[in-house]
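Two complexes come next, and they have one chain in common, chain A, joined by chain B in the first and chain C in the second.
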Partner chain A sequence: MKKNTVYATEGSVWKSLLLTFPMVLLILLFISGGKPDLTSTDKAFAFLFTFVFLVFLFFQILYTGKTDKYRAIGFIALSLFFALTFIVNLVRARGSMTFSEETLLACEIPFCHIVTTMIIIPAVLTNSIIFPGSIIGGFASIASMLVIVVGVSLALGRGFCSWGCFYGGWDDATSRIMRKPKIKKINPVFRWMSFAVLLIIAITAAISLNPVYCDWLCPFKTVTEFEKVTSFTVLMKTVVFLSLFIGLVIILPVLTGKRIQCATFCPMGALLSFTNKINAFDVRISKDQCSNCEKCTNTCPTLSLNTPDLEAGKPSITCMKCGKCIDACSKSAIHYHIRGTPPDRNFSWARNLFLFPSFMLLVIFLGGPMQTGIMLLFKLIKTGSLL
Partner chain B sequence: MKKFIAIQAYLWAIACFLIIPVTFISNDSLASQLAKLPFMKIHPRYSGGEINRSYLSGGLQVTVNKPVYWSRIASGSSGFVQVAFSAIDSLPVTIHENIDFDFDDKTDFNVLIDTKTGTTLLKQQNLKVRSVDVSSRVKNNWIIRVNIEE
Partner chain C sequence: MHISEGFILGLSTGVVCLAYCGPVLIPYLLSEANTLLNNTYTVLLFLAGRLLAYGIVGLLSGLAGAKLMQPSSGQTVFFGILYIILALLLIAYGFYRFREICLGHIRIAGKVYLQRWPYLVPVAGGFATGINLCPPFLLAITGAMQSGAILKSLVFFLLFFLGTSLYFIPLPFIGFFRRQQVLRIVGKFAAIIAGIIYLYKGILFLVSI
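Right after this comes the complex of A and B.
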């Protein structure tokens, strides 16, 4: 069945171009820092390709009315380019993806947003941060990352998990590999599992004064950095995070078509779910238009929609605002919405007001790694080495 | 009333749009303001603790930190003391030093470090001293952490 045209820009080239124009300026600003570096052919190509790629994605989101389809392309690219550039930088600086005692003693471990979940209680109890990173200065300092976490939580709530998280693209990608998932029914109770993980790791971190999730569980150490194996304990940690990466980021998303790591195991996702409550944007389901076909509940990659949610007219607080359910609904019954406004009108306003900050976040995170990544790929082609 | 709430909601949505660029463009200044807050310091377990005293010994700058104790939520009975050996040029092949970390003018432990292999021998002279926790080169320094009991 053909989807009704709902948004003002949908199917209109001129309206889409008009609304893309401010984003073009923002993309130019954020991917070049206001000063494009076109000093070599490689740099100029990387810049132009990134610019055209991002403008194309935003225009397509407006013109086609499909959010998730084009968001996912940028989001997956973010994870791949982030991992590529991060790993190459590490190998250049340290000689490998591993960190040693020296890195820990020098407090030079980059701070990632997930650590936030483990430092809050110890910060209250000990008046200090339980992480071997730098407070300010250097790459991914604690203060700098905390500012980003607070800003993004306020602006997008858990939307960060679908528009800015440089890990989320991994299981977003693997969950799309099979057109028809092998495991179709998953008990929606699993969506609360990440809250259990959050509770357990927050308490354990407070008791042990150790960021336990980073130390033992984080599957994304596989694509960033991990401790050098120098003892049986470190070997066990390596086995644990590698197994979790293979299980939660590759196998289960492929089999279920869901973002299993993000939906069930990420403590940061659980923490950000609470910020969904103060955030301006949410997703609403119009009960009048809904035909109860349950396409959305089957499609939702984060188990945030089930039959009672449809009856309530909104997904659970775990919604990552990816827009997959909105794209899937043939009745156009699901929309982005601004809290406090009537849910049955101004769909274009709500969608556009959500799309600008969320796409801007994607641009900010993807712009740098994508340009660097393209130049690295050029280097690989020319010299046979990424280093 | 509904209209008033809706206007506020739209204003908050526009504010959310502005928060993203502000967060990133002003990241440096916001981060330096945040870094001034009292809790924004690394826990001694990771930083190695505060410096207790520093002295020259055989061409090396020896820095002895305050003992760090932690266990469970509050302070506990076991911890470590961190000692750093710094050289102006390059570290010697062996470092041999007597350390008095509790300032009773008696050596608490004696360390012999082979900076080529990292082999570290500890001779306890205080019952509180347990074992070598960490011994590693950090840039132009050599840092050891020795496990102790309170």
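Right after this comes the complex of A and C.
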């Protein structure tokens, strides 16, 4: 059965182009920093390719009415290019992906948003930041990342996890590998597990004044940086984070079709869930249009939609606003919504207002790594080396 | 284990205590008290019951610890094994369904006395849940015994009480607490994760011999 047109831009080239135009200007601004560097063929190609790629994705989101389908392409590209450029930079600077005691003491560890979950209580109690990174200045400083996290969480809530997180694309990608997942039924209570992880690591970090999640658990150390194995304890840490990466980011997402790491383990996701309550955008389910086919509950990659949620007319606070359920609903019963407005009207308006800040976030994070990544790939083809 | 770790243990496992005590206290608060002041009074009485239970157990643990805990190589093995057993219990506890107690039953059984002394209900509830041998509580007993002295054991339990009691601060605002089920699920998962951490600590105890 053909789905009815819901959005004003859906199927209309002119309307889609018109709404894409402001985003074109924003993409130009953000990926060039106001002054595009076209001094070499490689740089010019990387710039143009990134620009066309991002414009194409945004246009397709508007024209086809499919949010998740095109979001995921950009989001997965973000994770891959981020890891590629990050690792190459590390190897250039330090000679390997590992860091040593000296790096820790020099406070040269780049700050990632997940650390936010562990620094709040110690910062309040001791007036100090328990992370060996740079407060301001340098690459990925603590202040800049905190500003981004606070700003994005106020604007999009947990939408950050599907539009801006440079790790989320990993299990978003692996969860799409199998068309029909082997494990179909997962107890929805697992969506609350990340809150327990948040609770335990926030308390443990406050007690030990050590970012324990980064130290022991973060699976994404596998694709960024990790401590050099110099003792039995560090070896244990390595075994733990590698096992978690293989289990939570590769095997379980492949078998279940869900973003298991993001949905059940990420403490940052749990923290951002609370901001879902205070930002302007949410997802609503029109009970009149819903046929209870439960396609959305089966599709939701974060276990945020279940039968009780359908009855309540909205997903749980863990919703990452990826749009997968919206794409899957054949009755067009699920929509982006702006709080304080009537839930069953102005679907196009709400969706467009949501898409602009969220896609802009993707552009901000993806623009730089993608251009650098393309140039690195050129270098690989030309010289046989990324370094 | 240093006695200040009683507070840390209380903080890290307090959500389990709240998850256990919540089904006891919250229905009572919902059915009985209706103002913030009344709710606060009830929660304080409940905590007083818990403190009484912890004081008794702290005293007994201190007595046992003073007898048992002479410095020896066997001490490390004893606590290593105890940590592992308790950690496994904590994990099993996380997976197992909570047994809910309703204070309403106590109220019906002792109707006459309770009309005369209404504060008995929350105090008895606090005492009953306080001596419940849940794994965090058993861990606290281990820590108190490890201190090896009665006074230290009592202080350990007092700090454990303070750590866990912080989670009870929001309870007077019970009107805002609509998702008890979620809280319990988070508590269960937290128990499992805490269990894994203590399991690792227990293994380290044994490895370090």
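Please note the rule applied: the second predicted complex is superposed on the first by the 387 of 387 C-alpha atoms of A that agree within 3 Å, B and C clash if a C-alpha of one lies under 4 Å from a C-alpha of the other, contacts with A are read in each partner's own complex, and residues count from 1 in each chain.
The rule is simple: a contact is a pair of C-beta atoms (placed from the backbone, for glycine too) under 8 Å apart; a residue touches a chain by one contact, two chains touch by 3 or more.
Note that the coordinates shown come from a computational prediction; the quantities given were computed from them, not determined experimentally.
With both complexes brought onto chain A, simultaneous placement of chain B and chain C is permitted, the two fitting side by side without a clash.
Of the two partner chains, neither chain B nor chain C is touched by A:290. Annotation for chain A, partner touching more residues between chain B and chain C: B.
Shared-chain residue A:189: touches chain C; no touch with chain B. When both complexes are overlaid on chain A, the residue A:90 reaches neither chain B nor chain C.
In the superposed model, A:204 lies in contact with chain C only, and not with chain B. Once the two complexes are overlaid on the shared chain, A:148 sits against chain B while remaining clear of chain C.
Once chain A of one complex is fitted onto chain A of the other, the partner contacts of A:340 are limited to chain B, with no touch recorded for chain C. With chain A fitted onto itself, chain B and chain C come no nearer than 7 Å, counting C-alpha atoms only.
On chain A, the patch touched by chain B and the patch touched by chain C overlap at residues 207. Partner chain A is touched in their complex by these residues of chain B: 2, 5-6, 8-10, 12-17, 19-24, 27-28, 30-32, 34-35, 38-48, 70, 72-74, 134, 136-139, 143.
Across the complex, chain C meets chain A through its residues 8, 11-12, 15, 182, 185-190, 192-194, 197. Partner chain B is touched in their complex by these residues of chain A: 26, 30, 100-102, 104-107, 122-133, 135-136, 141-144, 146-148, 150-152, 154-156, 206-207, 209, 279-281, 338-342, 349-350, 353-354, 356-357, 360-361, 364.
Residues of chain A that touch chain C in their complex: 189, 192-193, 195-197, 199-200, 203-204, 207.
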